[in-house]
Amino acid sequence: MITRFDKLQTELPHPDHPSPNSAAAVQELLGGKFGELSTFMNYTFQSFNFRGRSEMRPFYDLIGNIAAEEFGHIELVSYAINLLLTGTTERGDDPAETPLASAVDARNTYHFMASGQQALPMDSQGNFWTGANVFSSGNLKLDLLHNFFLECGARANKIRVYEMVDDPTAREMVGFLLVRGGVHIVAYAKALEKLSGVAVGKLLPIPDISNKRFPEAKKHEAKGLHQILYRMSPNDYKEISKIWSGTHPEDGSALRVVDGPPEGAPVPEHPEEPQLTSPIGPDGIDKGILQEMATRIFGKS
Amino acid sequence: MITRFDKLQTELPHPDHPSPNSAAAVQELLGGKFGELSTFMNYTFQSFNFRGRSEMRPFYDLIGNIAAEEFGHIELVSYAINLLLTGTTERGDDPAETPLASAVDARNTYHFMASGQQALPMDSQGNFWTGANVFSSGNLKLDLLHNFFLECGARANKIRVYEMVDDPTAREMVGFLLVRGGVHIVAYAKALEKLSGVAVGKLLPIPDISNKRFPEAKKHEAKGLHQILYRMSPNDYKEISKIWSGTHPEDGSALRVVDGPPEGAPVPEHPEEPQLTSPIGPDGIDKGILQEMATRIFGKS
Amino acid sequence: MITRFDKLQTELPHPDHPSPNSAAAVQELLGGKFGELSTFMNYTFQSFNFRGRSEMRPFYDLIGNIAAEEFGHIELVSYAINLLLTGTTERGDDPAETPLASAVDARNTYHFMASGQQALPMDSQGNFWTGANVFSSGNLKLDLLHNFFLECGARANKIRVYEMVDDPTAREMVGFLLVRGGVHIVAYAKALEKLSGVAVGKLLPIPDISNKRFPEAKKHEAKGLHQILYRMSPNDYKEISKIWSGTHPEDGSALRVVDGPPEGAPVPEHPEEPQLTSPIGPDGIDKGILQEMATRIFGKS
Amino acid sequence: MITRFDKLQTELPHPDHPSPNSAAAVQELLGGKFGELSTFMNYTFQSFNFRGRSEMRPFYDLIGNIAAEEFGHIELVSYAINLLLTGTTERGDDPAETPLASAVDARNTYHFMASGQQALPMDSQGNFWTGANVFSSGNLKLDLLHNFFLECGARANKIRVYEMVDDPTAREMVGFLLVRGGVHIVAYAKALEKLSGVAVGKLLPIPDISNKRFPEAKKHEAKGLHQILYRMSPNDYKEISKIWSGTHPEDGSALRVVDGPPEGAPVPEHPEEPQLTSPIGPDGIDKGILQEMATRIFGKS
Amino acid sequence: MITRFDKLQTELPHPDHPSPNSAAAVQELLGGKFGELSTFMNYTFQSFNFRGRSEMRPFYDLIGNIAAEEFGHIELVSYAINLLLTGTTERGDDPAETPLASAVDARNTYHFMASGQQALPMDSQGNFWTGANVFSSGNLKLDLLHNFFLECGARANKIRVYEMVDDPTAREMVGFLLVRGGVHIVAYAKALEKLSGVAVGKLLPIPDISNKRFPEAKKHEAKGLHQILYRMSPNDYKEISKIWSGTHPEDGSALRVVDGPPEGAPVPEHPEEPQLTSPIGPDGIDKGILQEMATRIFGKS
Amino acid sequence: MITRFDKLQTELPHPDHPSPNSAAAVQELLGGKFGELSTFMNYTFQSFNFRGRSEMRPFYDLIGNIAAEEFGHIELVSYAINLLLTGTTERGDDPAETPLASAVDARNTYHFMASGQQALPMDSQGNFWTGANVFSSGNLKLDLLHNFFLECGARANKIRVYEMVDDPTAREMVGFLLVRGGVHIVAYAKALEKLSGVAVGKLLPIPDISNKRFPEAKKHEAKGLHQILYRMSPNDYKEISKIWSGTHPEDGSALRVVDGPPEGAPVPEHPEEPQLTSPIGPDGIDKGILQEMATRIFGKS
């Protein structure tokens, strides 16, 4: 079970230059084979499926707890996409004026047909995320090795999206996730190390470039965000500290568990796109109409 | 963001007759087009994507809040599958004794190859869940109509799985979900009614059979579980009560919001399957060995 | 069984500005999840599969009859695509002159590789239509609810394509289909109303914008085309009038059944594209050569 | 455009032994890569897309006309599947009695979950038909070669289904389609022969076994059904006789065009399956209730 | 470029008990996500794509050389499947005798429809292999980590198939591939060790069970087959010995490169299946007829 | 089994104008339905699966031998793609400078995310190759007819890519493959002719345009390359000469078998792309660093 907070893990600035193709590229980090849906679903299923958890509880707690943080990551990427898409077509109430004309040349037309300029669980080519991306063999060493590899692959994609899109919304999101994903890489390296005695963490960084080369990641690491594993539960997953301890393999700083989720930031509002009848339309273009409608339905708030 | 509880929404009994083919059938409720992954992901994305939420907050709160309950549903179905699969092959430490012989004729071999007799995000034919199952048009009335239809389709599948599998684990899970899914059907009907004035709830039940015909659902409805919408958040989603109010369209009972998630029940333990090297093996068949290994790694607990 | 007429349901003008990307966008209305192939195949299979038809004949007749009209819709969308694609590359007989150079940047290269600048059963991202889009639960109320939702989703896509592409070929096609699809929306609303007593039609329009806002649809509604359900059969499907009767939920006008298909319009000719060896080539660029070839094969006509 | 007749191309007997797995096998002939949906959709799209039709009209007419017959073939296969599935689970009004128990071991659970024991556009493994099965290159010789190959592949599958399933419903359907599909093989061979002068028909039969070895096909050939190409249109497709003429390449009999579709046979009724709530239920098990409901809705008939 | 030998890498015995469902299970090792097609194609593409090969030649040589051995693995698994399928239906020349009756209940009907009781590039659920299984990031450390993980995943599947199927054909094939796949696991571990200094090989075995527990693998290891990396080229890939050297991480034995492929064994003959018209039929059931046909075509041999 | 040569079948020039979209188009010839992976895998599986090979050895040898040449074709297309992609983004060591900015508008983002500007087994729309493209019915005549059709379809795609991309790298590759693919078309035509007596070769060319119209193909044909079938094996596949003999159906020249593969040409080097961390990076931008690293690992070479 979960409870939900109407917050983002970190604050996202508004974009300097909204762009459908930037949004299309960022989709890889949401619904790609190595996107956040993959990490979220892999660890979620591995936690449901974990055998022998009474003896191996620290591993169970680690996987289940990281899963919970990943929900916040699909949320963060989705909001970045939505911010990049908002306002990219012509607002108006007359369909004959071809308000979506610019969408004809966009790389991903689903953003304008299947959604109202919003995120969908697909990748940068518009191919939908599939459950085939979930690996859950039941063998602990193999599942941990998979997770370590998955996080490294996810890191490679984050780096490449960062290098493709210079909008501050995208970069703030990627910078933050490089750090938090980096925590998960180290966590799985530590878990493998516990299980086997092999210093897997010494393979890092994979790919061979430090987070500190990315300004939006560096600023978070300067504050020690890469040293923290949040315990995303009021009362459970307490044995993560048996794995998340000691020092960071890249900079030697001390690792620590923080109880509870990060404080978070407000979720951005997404304004109406009346030409997409979102949420109603097209007469909703005049903000007052939507408010009047709400008052009629729910009374004065 | 979410926080996570290591609990199930309701208690699941152990199976009377574990069966790979029953587990294969139940997968439809997890990873089928109308499975719980679909409801979870639809409402999750619709909540990320909601436009005009300041005016239309009750709808935003409703969708986002139901999403949070759905996580508990994919968990519940997954545990039911795992319980039905556990112990269905021969435990042992000698691969030459063909311990998985019975799996050759099972309908879904992924349960024995890709997982360690565990749930995966796929349907009853072993086809993986796909993000193409997510609908998020941005138009509120259309999204609500979709959700109402989706829940009715999900209900049809639950009924059919109930009629296929008489194991108490499966039926307890389906009975509970018929009631909770029923709450979501009514919630979307109420939302459409608020938006349009049409008494959509009078279409129910769809399909034309009452929950009260299913003993494992009836017992929960007798306690009023179908009247409750849980508010799955410490501080957010408070305006759901502007939609979830009045009476139930099928039995006229009074609807009410309960703050916080249901109390929940302990998650079942999944024992080792050493022939599947799950979590280690095959030498882990002797329970002591796994315990010794844990002690070696983490010290005495 | 069917018989076929070499005619279109309505006349299509030639495009002002043929464009591969406009054609790519229009593909969503053909092979998208909510495209005409989906409506055609859904109702076709539901009619094959209908149980209890002797008692429920008006519903059976309605679904089977609408299926027949939908064939004309996949035809109409396909011709629009073909018109938009014809002539978009350089005609000529020398491949070394790179006649297809412009296709390298087109959004959908299948139009130039897998077809000869022609329609294929795919959507606006070049993903192929799949039978997974067919819903046929066997429960009448659920199937009708599905069909009502499907038509509303199809309408949303039509509106968005209209807003993306201002070419008169595309708009004439979309305008006509908004009206005819609108008839199907109302038909399924009426059917649900008959079955349940709920005034489903009052939910319309979904999305919240009237057909009358689209000049190419408005002109057809002005002539009453939205009031007519064609009976697409010489002798069958006569009981559709038990459902298609009364008044239109949006403008209150009287509904009526017309026996037989609409008069229709001539199908456009598609000229040769010799650089694509279509139908032969590249020597067929000189019209006379194709004629000579025909005469050699079939004699003087 | 089409008009539709509520008839089957040939009469289907009721099954001797309904069987989910036989129905699952027959699905290959409906939604398999070489199934009737593939032939129907290939020729339909090729006819929409045909370039140079004024010169090459006999080829255009041939393809478009065969497309129309194929609709009747998807219908025939679907009805055979429905007949094989009807009654294969326990009829009743109490879900707790596990009426669908037998479906747990059926090869294709979609028949019991996604449909009400009815046909869906999928193949014998439950994989859905895809538009990727449509070939429409625009080059006439290549398209005809494809169609010739497609029909031979379809014939191979028909033969194998015949050899798997001995139920009279299935065999009557396959026998008839071997003959009609055989007509289409010869038609495309003749077309290629016209175009190129190569006696393609001499390659037949492919695979190397005569239709006359199949009793249910032989009886139709004895009546000359393999010599007839139906002209499936009131006024169009008249130039098919420029290709469909001369003698049959296998037995030398004279080929002829028949104007209009075959007379056809009544479509079988599909009885209620109340445990599947199809069309309503489960209280509809008593036939009178469904009739009463109909009377309430539509009045006395 | 390659040259090909009409030989298998090891000898396969004829099956004791041919079985469609055993063959269906073995397909996972051919066309599954972790099957031999995946290893073959991953390393093949990584070798085409390798950047910086003049400096990093030992890695380039290693990957390209292992790719070449993998071709022999898809061959070996395919032959095992073909042997398990041959003779599983009734041989005969009369289709009316339902020679394929037993196939109706087989798990994978493609073996009888799409192939002539033969292997296809699909997995144990009949889902086709996809190029999405190829990983080629361009980053050497990440690609090597992937390959190490891929081989461990492949090993898990081999172990499970071994435990499902006790037929000597299957077990001989799996035993041999456990050893050769084990060589590839160690090779990628050594490569990672060279690159990073981390003793990745100490993680082995993954999953935690020794090859020596499998009699058909143990016998090959007893002869040292796990110590040998074949150089699958007349003149190239010579620098593999810079990586394949030192000792085996599991048993400490000395590793060595052998120039040229293994000696190999004759490929088994697959007899005719005339009821499947394979290679011709059904009159080919009499061996003499096929021979006569051959003589007529090619003259006396 | 195979052995591998580190060579290309023909020499490829470096591109005049590297271009992501040209590379994206060329992918159709690699991973498209009619791409080289399809021909390679079709003939490979048909050779594994061939029944009755002792009598029908010339056919077995032909299919198995052509398979071996096809490996060289996937290699050649992959190298062409890699050459077209190399250098298309900004080389550098600072990710904040947005070195991949140009990739945001590229048609295929997988080239920049999932690979390091390198080929993947996908088509021109970025859809991955699938094993469903393999046809292996077991019936010899049908399989040969398929192969003949497949090669003609592949030829159509080659022609269209030639007409889309005028870069010399692409055209040299396509010109060569038009000739070698042309050999395979004729080979299958000859095989069908042997089997049936029908002069299938007289259908050629399909599509109706001669290879001699393509300068880069013409030059190879001028040297007789279209007359040669290479025997791609040291000792096997010797009976191909029983089919590959007589004259070429298009120009009447004499056909001949050449023992052994073509001489081949050196494989191009792919330089580092440090901004993609390929093979390491980004510090590897300075060539010396990669060399130093190699020296540290392997010592002086």
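By written order: A, B, C, D, E and F. Residues from 1 in each chain.
Here is the rule we use: a contact is a pair of C-beta atoms (placed from the backbone, for glycine too) under 8 Å apart; a residue touches a chain by one contact, two chains touch by 3 or more.
Remember, it's a predicted structure, so these values are computed and weren't measured experimentally.
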Would you pick out the chains that touch chain C and also touch chain E?
-> A, B, D, F
With centres defined as the mean of Cα atoms, the chain at greatest distance from chain C is chain E
Distance between the CA centroids of chain E and chain F (whole Å) is 23
How many angstrom between the C-alpha centroids of chain E and chain B?
-> 39
In chain D, what residues contact two or more other chains?
-> 33, 107, 114, 127, 132, 135, 137, 139, 141-142, 156, 207-208, 276-277, 280-281
Among line, ring, star, complete and other, which one matches the pattern of chain touches?
-> other
Throw together a list of every chain pair that touches.
-> A-B, A-C, A-E, A-F, B-C, B-D, B-E, C-D, C-F, D-E, D-F, E-F
How about chain D: which of its residues touch chain B in the complex?
-> 94-96, 98-101, 103-105, 107-110, 112-114, 126-127, 275-277, 280-283
State the interface residues of chain E toward chain F in the complex, per the touch definition above.
-> 1-9, 31, 37, 41, 44-45, 48-59, 64-65, 67-68, 71-72, 74-75, 78-79, 82, 114-122, 128-132, 134-142, 194-195, 232-237, 242, 260-262, 264, 269-273, 276-281, 284, 290-291, 293-294, 297-298, 301
Complex contacts: residues of chain C adjacent to chain A = 19, 21-22, 24-25, 28, 32-33, 107, 124-125, 127, 156-157, 159-166, 207-209, 213-215
Chain A residues touching chain E in their complex are 33, 132, 135, 137, 139, 141-142, 145-146, 148-149, 152-153, 156, 192, 196-200, 202-203, 206-208
